[in-house]
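There's a structure below that I have some questions on.
First chain written, first letter: the chains are A, B, C and D, and each begins at residue 1.
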Amino acid sequence: MMLEHEGKKLLESAGIRVPKGLVIRPGRTAAERASARMERYPVAAKAQVRSGGRGRQGGIVKAADSAALAAAIEQLFATEFGGARPEAVLVEPWLAIERELYLSVAVDGRADGYVVLYGPRGGIDIEDGPPPARYAVGAAHRFRTHEMREVLKDHEPDYQVREKVIALAQRLTRTAALHDCTTIEINPLAKLGDGDLMAADAKVVRDEWAAFRNRDIAGQLEQAKRRVGRRLRDCLNMQHMYVRLDGDIALVSGGAGMTMAAMDMIAEYGGRPACFLDCSPGPTSTRGYRPAFAMLDADPQVKVILVSVFGGGTQMQRVANSMKEIMAERKSRKPVVFRLDGTNVDQVPAIFSQFGACNHARLEDAVAAAVRLAKGAQ
Amino acid sequence: MSILLDRTNRVLIQGITGQMGTFFVEDARKYGTQIVAGISPGREGARVGDVPVFGSVRAAREATAADTAIVFVPPAAVLGATLEAIESGCRLVVATADELPVQDTIEIRAAAKLHGAAFVGPNTPGLISPGKAKLGFMPSFCYSPGSVGVISRSGSLSYECCKRLTLAGIGQSTVVGIGGDPVKGTTAAEALELFHRDPETSAVLYLGEIGGTEEIFVAEYAARGDAKPVAALIVGHTAPPGKKMGHAAALIDSKAESHAAKVAMLRVAGVHVVGGLSGVVKTMQAALSPNMSAVHGATA
Amino acid sequence: MMLEHEGKKLLESAGIRVPKGLVIRPGRTAAERASARMERYPVAAKAQVRSGGRGRQGGIVKAADSAALAAAIEQLFATEFGGARPEAVLVEPWLAIERELYLSVAVDGRADGYVVLYGPRGGIDIEDGPPPARYAVGAAHRFRTHEMREVLKDHEPDYQVREKVIALAQRLTRTAALHDCTTIEINPLAKLGDGDLMAADAKVVRDEWAAFRNRDIAGQLEQAKRRVGRRLRDCLNMQHMYVRLDGDIALVSGGAGMTMAAMDMIAEYGGRPACFLDCSPGPTSTRGYRPAFAMLDADPQVKVILVSVFGGGTQMQRVANSMKEIMAERKSRKPVVFRLDGTNVDQVPAIFSQFGACNHARLEDAVAAAVRLAKGAQ
Amino acid sequence: MSILLDRTNRVLIQGITGQMGTFFVEDARKYGTQIVAGISPGREGARVGDVPVFGSVRAAREATAADTAIVFVPPAAVLGATLEAIESGCRLVVATADELPVQDTIEIRAAAKLHGAAFVGPNTPGLISPGKAKLGFMPSFCYSPGSVGVISRSGSLSYECCKRLTLAGIGQSTVVGIGGDPVKGTTAAEALELFHRDPETSAVLYLGEIGGTEEIFVAEYAARGDAKPVAALIVGHTAPPGKKMGHAAALIDSKAESHAAKVAMLRVAGVHVVGGLSGVVKTMQAALSPNMSAVHGATA
């Protein structure tokens, strides 16, 4: 997910109207820098964060003068939104909004491609209102103004707004396809006093698998890696998929569905998963698994590590050999529970016996052992 | 019978000279898959094992009557390879690649529809009709022939569940990995429809997860008067909202995409919802028992 | 047409490999700035100009050390290419090119869209060689790797190069559509020692009519206007299409074809056209024509102005009234010859009689009069 | 007869409430064009003069059996409007707009082909079948009914030339402005083919210019054994190479696109090449004379 000001820059490059904003990075002189450059008040100071619900959490502050702006900026930088401090504050002229609309373009499996959603009343309460109008576009070049017009007929009575929304949705859909965006959400889309529409907010999510043909997506991924600690960065460099949870049983797992199944089973057995960690997209070798152990071993919250891999293309004797190597070089004494299954699993016991490890045949047994160990460690 | 894949499919491999292609020839053949051709532009005339290599799908089809393609090329080349297979007349095209931009999937799916081809992928282990043939890297020992059709959003989870079914004596007609991406070559709804029409399939096991809308169509199917019994396991009970759990589509973005909402919806529709991985066999047995299948949702 | 370094930036954003270059703007310290920042030699110093044929005119200089680079930069900034001094000099590492290839993607009416051209031997002599391989793509999303492979079969024997060229052409076609480019030409496309392909040059032409949805095209048009004098800028702001020629009979005309027909007729009658000036895309009003006269009146090369408009949607009584106003306010004494025809031309004589002008019924008569006046003025 | 347009076309105007739309209703009607409907979303139910306004092409077609559309909307809206007209079943769609991105033209042309519709535009005055109907802003007095089909890359030049023909007593069957863009809704080749099949057209006048490749197809047609006589005027003799002369396609980028090369190519193909504007009538007369048309290129 891009920050609001990054998303707006993308929209602006496609000829979409956005407020003229000023991006303030954190730092001692942040407030001064902002006050020095804003000439007209009131302004909006907006926390730049990568999670939703900022509006409800006080992440947008109206400032009537330069002192108020300085105070707002200081306060925003000191606040956490969705567990993270703002990476920047965006200062924009306070808009004289006549009506807040909602417009988004997003990939949707049901539409075989993109779907456009429109609500005549946008803003932070959008989810509580009636469902938005839904135009299933499909492939972006299938967008048809007359089809969307038909869809909007019963949702937007003002035909001038309707026509502007259609033109904007057409532009957004093209932009999404061209820049490999999976979501472009504008909420609110501001109807201004002059009747024109302006993107007052922008939530843009890009398709990271298109990084090979979009250097800025690649750049964003690199940036995201720089924002995290070294150990997690090493994991991300191995394509591991990681989500931190609040439990103590860590997973070194393969396959998203199987990882979630193991998480669920840990909970079922009375334990608490410490993370979702799917190592299958990267190399299933010592090089691949090593950073996972390094991260989990260093994480004080983690009490036990459960290695759960059910491989098809991944051959189990190779995974077992990697585990042997990693266990040999590893300093941590955190217990590791193994459950390998799949291709060539019959070769695993012989390898495991070389370093005294035991491979559980059933996931249930491995999970039970991990939960037992975690409780013992408390 | 089975769906999409059986002993008659004549398979060509795009990217046969790569590591995955070469491994696949051996493994899939051992399982009974008819591998008749490989594609590797510039290396036409070569052989991988005894499989002849061609420069184009058209040439391979002319020489070998191949009708099915499996694609092992880097993500950036998948679009070109699958479109070639589809537009050259293959009736089934499988692309297991993960890391495919969703734009490309959208285009491939549109082309497949236009040409009346089935496309399975991306981000899937492929599909297998146990005892007949397989198109992918799933571990063969997990499967046995039978009458349960399996549809899965996740690879490993389908190996795990099928192994449990097999050990319990419940065989499978076909196991289709529909993949974890938001746009799919074959959707759950389409796979269900194929299983519905397959006389050899008597019930369906659906392996889903949080996020996305696929499960809506599973519920819709199960609610039909003429539906075959459907059992479903939805993983991600412990997944937090707003976080992507590996798969692009495994993200709880709204209440309807949560585990609880999906389970509730499936139950109402009469799906036999599995409580957790350990319950797969029992619930499947219940779904298969003629008495139970009349009492919708009783095993949930 | 974009400068080479701008085009390369665009290619790079799409994940295409380009040399890591340094852009040096003109100025007293240009040479120093370049020398200070280049670490490895030899380098190529390349004049950044918007016309072709730079290579033949000495616009690319190899420099073996920092002194040679400084000299090269000075020399390049002092040289005119296609009538203009370089806007910048691009300094790049000198590439160890194993083979120069040619690759371009361009809009082509015969292809109903894009065409890809490939030559296994690129470089400055490309036009003298055998015709390139031609893959008619059509709409960009119609690009098919297997179709291009078929086209290249007899043109590129090295299948590894062939596959890389196909992948690159696919990327270029998508990029062209995405960024509304009408031409992306890479000549030479360098095959390096490691077998990889790199864009050693880039000629990118963008579709200015897509400026409404591509802010950078709009920006380029604005920049182009800033590069010209105030009077021409005023004309460009009125959407006039202007090409300067070397004669003395200026045209204020409507319609590209009709303007060329008038130019040709001036030559046929022994005169020399001073310009191509099509005023039809903008407002055909006093406001529209005024800057045209201001520019031509101020141009010492222009001896006579021939107003030649044959209007359909443009109504002649309005044009005649504009001419009346402009002739009244104009200071210059350069003779103006009129030939208006088309919708409502019957109302013209009455208006023209108000300021003593004469409207020629036939273009031949107007051209003859203009040529006569131009010769008299010499 | 005539091509594409005659008295039977039932025309709807997209963007009828704009300035151009309103002017067109009056001017084209006066000429005999059947204007049956206007489109202006949101203003359905209104009238412009006595022309009923609809919210969509479909509604207009259902109520009025309109089969032809002319589009007067801003450049950014042309793509949407023309695709609506084409996909709602209009058989002829005219977009006179200049400033249309070539990408949009490419898409519109593809859609027109797919739906079997004729698309004339962009960057053109439209077309006129003298004495029958006109779709565009050409000055009516320049035209008279007759047997010369005219194809032109440039608007004003076609008015000028047709006026000369009309004054000389040479009438026109249809005059089509194919426009100055590199990709065209109707190409010279397509217009030639239509004129070739039109029994009322006995010869063709082609008005071309430097740049582009359109003239290749004019030469190709003229070289056919069964071709009708073709006269051609190519303007831009004095245009310098490498400079865009107003039209996007009017740019000499290679030797083949120069005036001299085009004239030479047309002459070889047997086209009666006009030396300059002043010679249009004489050359056209020569092309029309039965004796001359046998002697290919004699008047060049």
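One rule holds for everything that comes next: a contact is a pair of C-beta atoms (placed from the backbone, for glycine too) under 8 Å apart; a residue touches a chain by one contact, two chains touch by 3 or more.
Note that the structure is a prediction, hence the values are computed from the model and not measured.
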> Where the contacts of chain B and chain D overlap, which chains show up?
Replying inline: A, C
> What is the distance, in whole Å, between the centres of chain B and chain C, each centre taken as the mean of its C-alpha atoms?
Replying inline: 53
> Using the average of all C-alpha atoms in each chain as its centre, how far is it in Å between chain C and chain D?
Replying inline: 27
> Where the CA atoms of chain A average out and where those of chain C average out, how many Å apart are those spots?
Replying inline: 44
>> By the touch rule stated above, which residues of chain A touch at least two different other chains?
In response: 141, 212-213
> By residue number and range, which residues of chain B touch two or more other chains?
Replying inline: 76, 107
> Can the chain contact pattern be summarised as a line, a ring, a star, a complete graph, or none of these (other)?
Replying inline: other
> For each chain, which other chains does it touch, given as pairs?
Replying inline: A-B, A-C, A-D, B-C, C-D
> In their shared complex, at which residues does chain B touch chain A?
Replying inline: 20, 23, 75-76, 98-103, 106-107, 109-110, 113, 125, 136-139, 142, 152-160, 163, 180, 182-184, 187, 207, 209-210, 212-214, 216, 233, 235-240, 242-250, 254, 276-278
> Given the complex with chain A, which residues does chain C contribute to the contact?
Replying inline: 12-15, 141, 171, 174, 177-178, 212-216, 218
> Which positions of chain C touch chain B when the two form their complex?
Replying inline: 141, 144-146, 149-150, 159-160, 162-163, 166-167, 170
> Along chain A, where are the residues that touch chain B in the complex?
Replying inline: 51-52, 82, 107-110, 112-114, 127, 138-140, 177, 180, 182, 207, 209-210, 212-213, 241, 243, 245, 254-261, 263-268, 273, 276, 278, 280-281, 309-313, 341-343, 345, 363-364
> What residues of chain D sit close enough to touch chain A in their complex?
Replying inline: 41-43, 55-58, 76-77, 80-81, 83-84, 87-88, 107
